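A, B, C and D are the chain letters, set down in written order, and residue numbers restart from 1 in every chain.
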Amino acid sequence: MSGSTLGKLFAVTNFGESHGPAIGCVIDGCPPGMALSVDDIQPDLDRRKPGTSRHVTQRREDDRVEILSGVYDGQTTGTPIALLIRNEDQKSKDYGNIADAFRPGHADYTYLQKYGIRDHRGGGRSSARLTAPTVAAGAVAKKWLKQKYGVVVNGYLAQLGENKIPFESLVHVHDNPFFAANATMIAELETYMDKLRKSGESCGARINVVASGVPVGWGAPIYDRLDAAIAYAMMGLNAVKGVEIGAGFASVEQLGTQHSDEMTPEGFLSNNAGGVLGGISTGQDITVSIAIKPTSSIRLDRQTINKAGESVVINTHGRHDPCVGIRATPIAEAYLALVLMDHALLHRAQNADVMVATPKIASSAATSSASTKGRADNHDPNEA
Amino acid sequence: MSGSTLGKLFAVTNFGESHGPAIGCVIDGCPPGMALSVDDIQPDLDRRKPGTSRHVTQRREDDRVEILSGVYDGQTTGTPIALLIRNEDQKSKDYGNIADAFRPGHADYTYLQKYGIRDHRGGGRSSARLTAPTVAAGAVAKKWLKQKYGVVVNGYLAQLGENKIPFESLVHVHDNPFFAANATMIAELETYMDKLRKSGESCGARINVVASGVPVGWGAPIYDRLDAAIAYAMMGLNAVKGVEIGAGFASVEQLGTQHSDEMTPEGFLSNNAGGVLGGISTGQDITVSIAIKPTSSIRLDRQTINKAGESVVINTHGRHDPCVGIRATPIAEAYLALVLMDHALLHRAQNADVMVATPKIASSAATSSASTKGRADNHDPNEA
Amino acid sequence: MSGSTLGKLFAVTNFGESHGPAIGCVIDGCPPGMALSVDDIQPDLDRRKPGTSRHVTQRREDDRVEILSGVYDGQTTGTPIALLIRNEDQKSKDYGNIADAFRPGHADYTYLQKYGIRDHRGGGRSSARLTAPTVAAGAVAKKWLKQKYGVVVNGYLAQLGENKIPFESLVHVHDNPFFAANATMIAELETYMDKLRKSGESCGARINVVASGVPVGWGAPIYDRLDAAIAYAMMGLNAVKGVEIGAGFASVEQLGTQHSDEMTPEGFLSNNAGGVLGGISTGQDITVSIAIKPTSSIRLDRQTINKAGESVVINTHGRHDPCVGIRATPIAEAYLALVLMDHALLHRAQNADVMVATPKIASSAATSSASTKGRADNHDPNEA
Amino acid sequence: MSGSTLGKLFAVTNFGESHGPAIGCVIDGCPPGMALSVDDIQPDLDRRKPGTSRHVTQRREDDRVEILSGVYDGQTTGTPIALLIRNEDQKSKDYGNIADAFRPGHADYTYLQKYGIRDHRGGGRSSARLTAPTVAAGAVAKKWLKQKYGVVVNGYLAQLGENKIPFESLVHVHDNPFFAANATMIAELETYMDKLRKSGESCGARINVVASGVPVGWGAPIYDRLDAAIAYAMMGLNAVKGVEIGAGFASVEQLGTQHSDEMTPEGFLSNNAGGVLGGISTGQDITVSIAIKPTSSIRLDRQTINKAGESVVINTHGRHDPCVGIRATPIAEAYLALVLMDHALLHRAQNADVMVATPKIASSAATSSASTKGRADNHDPNEA
């Protein structure tokens, strides 16, 4: 039950600080016999890493991952897979000026109060850099989920500050620096970000993540529901302040006839549930939306206190993302994949023998449209 | 790691079905020496139970709790506290007509697919009735948190369908059947509910929960963050589709200077963080907001399928809440209290020896105003 | 990770005190669709209960079990199975005289020091009575293991005080009050016990437990080895002071050529391993032997101290087993079954897809002889 | 609940294979503010490492440990401490001849059957080499336990094959290559080992481990007893086949008056309990004894089968310990320290507020003599 471990059967234990010798994780419980190499993991790390465009931090972190164990002859052995990423670009001096003051919106104050000591360099363990090992572990889960069940997890930027980004197609996600599922609005977003960056400000973002192909039956009634596990993982992602599944907060103003998803032999007619009913997957797309707060490290003056409890003014130079949400898409995908992987194993542990006479309703075809309808009900920011 | 257990050190294991012999829970890890009797638990169960007004289900469930173990001579002994609630009003016939069809928005379909068998009576384990044991356990946590740390957890109905309910004062919460922190709008809500009930429809709701007096330092960086644990618990509450902490989704459109909470020797100047930074409590109020979907059991015709996979029309008579959100306030309070209790024990297990030179900033005074400001930033539905 | 829970996927949470309202447990994670009724559980409880012969305590405890949840229409539903046993024969006065003094060999002193309060009535939670819920849970595990894998768990009394009991046949176990796998030595054991009882003394015992039919592959390398889990469960059984697997302590004086079990296409040639190699089951019988200390509650005067720290003399009247080991056989069987059940689920969670080309060696035929040989190497007390 | 994790609050996750890139562990939950450097860890690793005398394997493994995280400015920060040990001396060819055959007494067969794939090089994950990370983690626990509670853990070789080693004094343990608490018998043991090694045989051993200074109150009643946790850890140590606490198996033949430890205001009069009553520490020495089987890798011919299921003869050359028990002493110490550390944190999490009026009995003085008496009752092999 170690606090730094995510998952019960596919258990990922995270370690490291931003400016220590290394960061990494240990994946325990991975099924054996799956082909695995650095090439399966590095691409997602590269999607997350800084310096990929002028709109994110210019820190240089190659984030090269090394597999230390659990793989033999190119295949997973079923024993723990340790992943190591050495820290490189450690300009600790960038952070010297904040060693004694508590940055507003950061964990500086809470860490010191909890532990009595904190590694302030680059935010230490609270740095978003620590999402890299989770992304690496998520890549392993993604591969297994796809091979075994055809599950695919896709995320995209749904809103950047005040700019809602119409959903056009997932094919665009990799063609722009924002992970936007949109091709027509990129220039506008670039302009917005350039202006924001020059102003010294930062902004928030909304990320949507969708898992397709999840079989009906994953999850549990009480307490370890699939949606609860997803909320746990997503709220645990740095800077996240809100999580929605399916219709989310829009369901507050829906009526019963608007929300509950009707069923036909051809499938569900909508997906307000977001693919989860009673804590268990329905077979429809699992649709998740998260709110990411604006970066707390900004160049503008902010009022705070120092270790002595004295009032001081602070502004954070150094190299920071004007919107941490931009790089959050691959991270959110990884968290969702890890939750699904864990529940896939939990489900078959208990229910491997279950035979259901009732034919599963063909939700695949229905799902895409249903998801759209579902997300329409959801006042999805994608909708123009 | 049993899926039906909530918490690691203050571990609550839930059992039971709506129409089985009994429901209940086992609380493991409660500190010894605390005075405890049924009188500490029954009041919260009574707040949650049905039949308290015409706006909720008229089922008769006395929900009398019995303490089976863990208490001797009026005090907790540190051994497991088993709580038992016998089921009484079981009109299974009410549900006979839905034994073979899958109610839209319910777990009927997912349970059968997962387990190959389901106890359909009253929704079986997916019934909101199963929140009673959690409420009972939450009452134990509330008492300890208040005695030991002065922590108080209060919830209230913030929105009922389309009706946003201005926050006036917590004193009003117990004076109306809606748990509204408001005295002037009750008649309007009564009218809305009467009309809704007659129409056969149902509506959603938003509940806010606030924990005051939580010391700085509870929680952890990765993965077991306090906000992640809160999101897990809240999303696990029946019918919840969204969870926000602090500014929540409003943070998407905030700028860095608007969101991050500045600090002074007198305290924080706002509470967009909702009392959690870097996964650790700040000492400010912990502010949580949840979205509850409209009741899925309605009298109006809905399209669905039966066990044979055939298309059928269903409408649910029997006795149901036109808005399950109305009774959700004490449940949400319980879940938050259980998470805080668990993290209180986790924190002192590791950090009991920590001495911090830096004086904690006086957040108490600042908090109330800060919370208001924080929730203002949060576009709180309470705001007219 | 609740301390009162045994197992990860087949998780049994135990509650209750000897003289409280009730004792029981919650079984979480049981696979659905297995026929289950009180008749499957009561027999093992009856084997364990007191008053079955003059050689055990004359307390009257019917130990009638009630199933509160998790079973519908005669089948397990996959949801938590709560088992309740009401306490009846509570002559607390029997224990009044020991409320203030610490009985040597009992948990009186350690409980008070740990919790600051203790329910002394009948030993409270430290009473062997609390093994009843574990026996009940074990009966559920036994049924599933037998139906699904043909696994059978049998225990027997191997030594009573200084009397080593030659192993004749398991068929005799149910024909005598000692659970001895022997028919010729019963009179001798009766005489020994009568003499012991009259003397006011108590004696220790050795129990052997054997699980047959366990497939190769259950367990894990580090740390959660099958043998480690067995040792945890067995040492957790009241009054146990030692645990052996396979050759056990005899292996200290064995040479490499004597200990390691050679293999042939027909099977293993011995079973010094006791069915576990590298923490993983071999497919041979799993052979476990445990040492049970003499009952601490005896009529003879013993030196101790009271709550005030003063020296006092104590002797325990009331109704006690002169040898708690006699009733320990069904308890040991239950603990072993619970460990195997949990590891059966853990194994298939990770390795359900594993296909091994190598044919499993036919260990069945070889096992019986191998076990004998193995236990011979083990200087088994059964050997005359 | 990852299987490769030991402990709940001081959780050690182990990874690596004998001939992979590296082995190591992640320690999660270490209290912050403790001075820690490689110098605190390396000494125990050096005690365990091979090549220290002609009586152990001549493999060259420097086992240099690197601290990757969780330590800042020379102190623990409360975040995960990752420890890395690179593998060096990997003569995989030594093992080429055993790639296809299953070595008797080894995990070759069970691993392949469980996972369908195995890293045979040097035994892969089943190699005793994987105890190094546990020893490293144990060193951290030892330091904290000593600083915080004055707890000291000492182990020694009590029997080597048929040679029982009289206990003289712990001061001798570091003066001979056997970890024997004896100065007069070393030459005899050297002669025995030289003869054994030349013969190609191997032998078993018995290790005793004693923890002194453990406060009364650590542990729990059911199921997570301190003795159960110790048995779990010890049986999990490679090659262990038996675990005793206190009087162990000797208690089978003891009478009630012989076994139960009488108490006086000056302390306990014996220690047959081995420092644990009712699963909770008594304040006396915690005395544990384990049986270690003879090394399975020997030069003499053994009958086995290969992957094709064919009968073959195997003998293992390469560099192996003629008695793996010789190097097991520091490993057993580490396992005991880790269990105590975890329970120290678990205890204060629940019971930090407990105030006991009753003065703890002065067990310190009484303990040493009591332990001796206790181990005498235990037919301790140390006794000539």
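Here, a contact is a pair of C-beta atoms (placed from the backbone, for glycine too) under 8 Å apart; a residue touches a chain by one contact, two chains touch by 3 or more.
Small disclaimer: the values here were computed from a predicted structure and weren't measured.
Within the contact network of the assembly, the step distance from chain B to chain D comes to 1. The chains in contact with chain A and with chain D alike are B, C. Spacing of chain B relative to chain C, judged by their CA centroids, is 40 angstrom.
Measuring from the averaged C-alpha position of chain A to that of chain C gives a distance of 46 Å. One simple way to say how far apart two chains are is to compare their mean CA positions; for chain A and chain B this gives 25 Å.
For chain A, the set of residues that touch two or more other chains comprises 1, 3-5, 8-9, 14, 29, 32-33, 78-79, 114-116, 125, 221, 346, 351, 354.
Interface residues of chain D, counted against chain B in their complex, comprise 1, 8-9, 29-33, 78-79, 148, 221, 345-346, 348-354.
On the chain A side of its complex with chain B, the touching residues are 1, 3-6, 8, 14, 102, 104-107, 109-116, 125-126, 130, 159, 161-162, 201-206, 216-225, 227-236, 240-265, 269, 272-274, 277-283, 291-296, 298, 300, 302-305, 307-311, 346-347, 351, 354-361. Those residues of chain C that touch chain B in the shared complex are 1-5, 7-9, 11, 13-17, 20-24, 26, 28-29, 32-33, 66-70, 72-73, 75, 77-82, 84, 114-119, 124-125.
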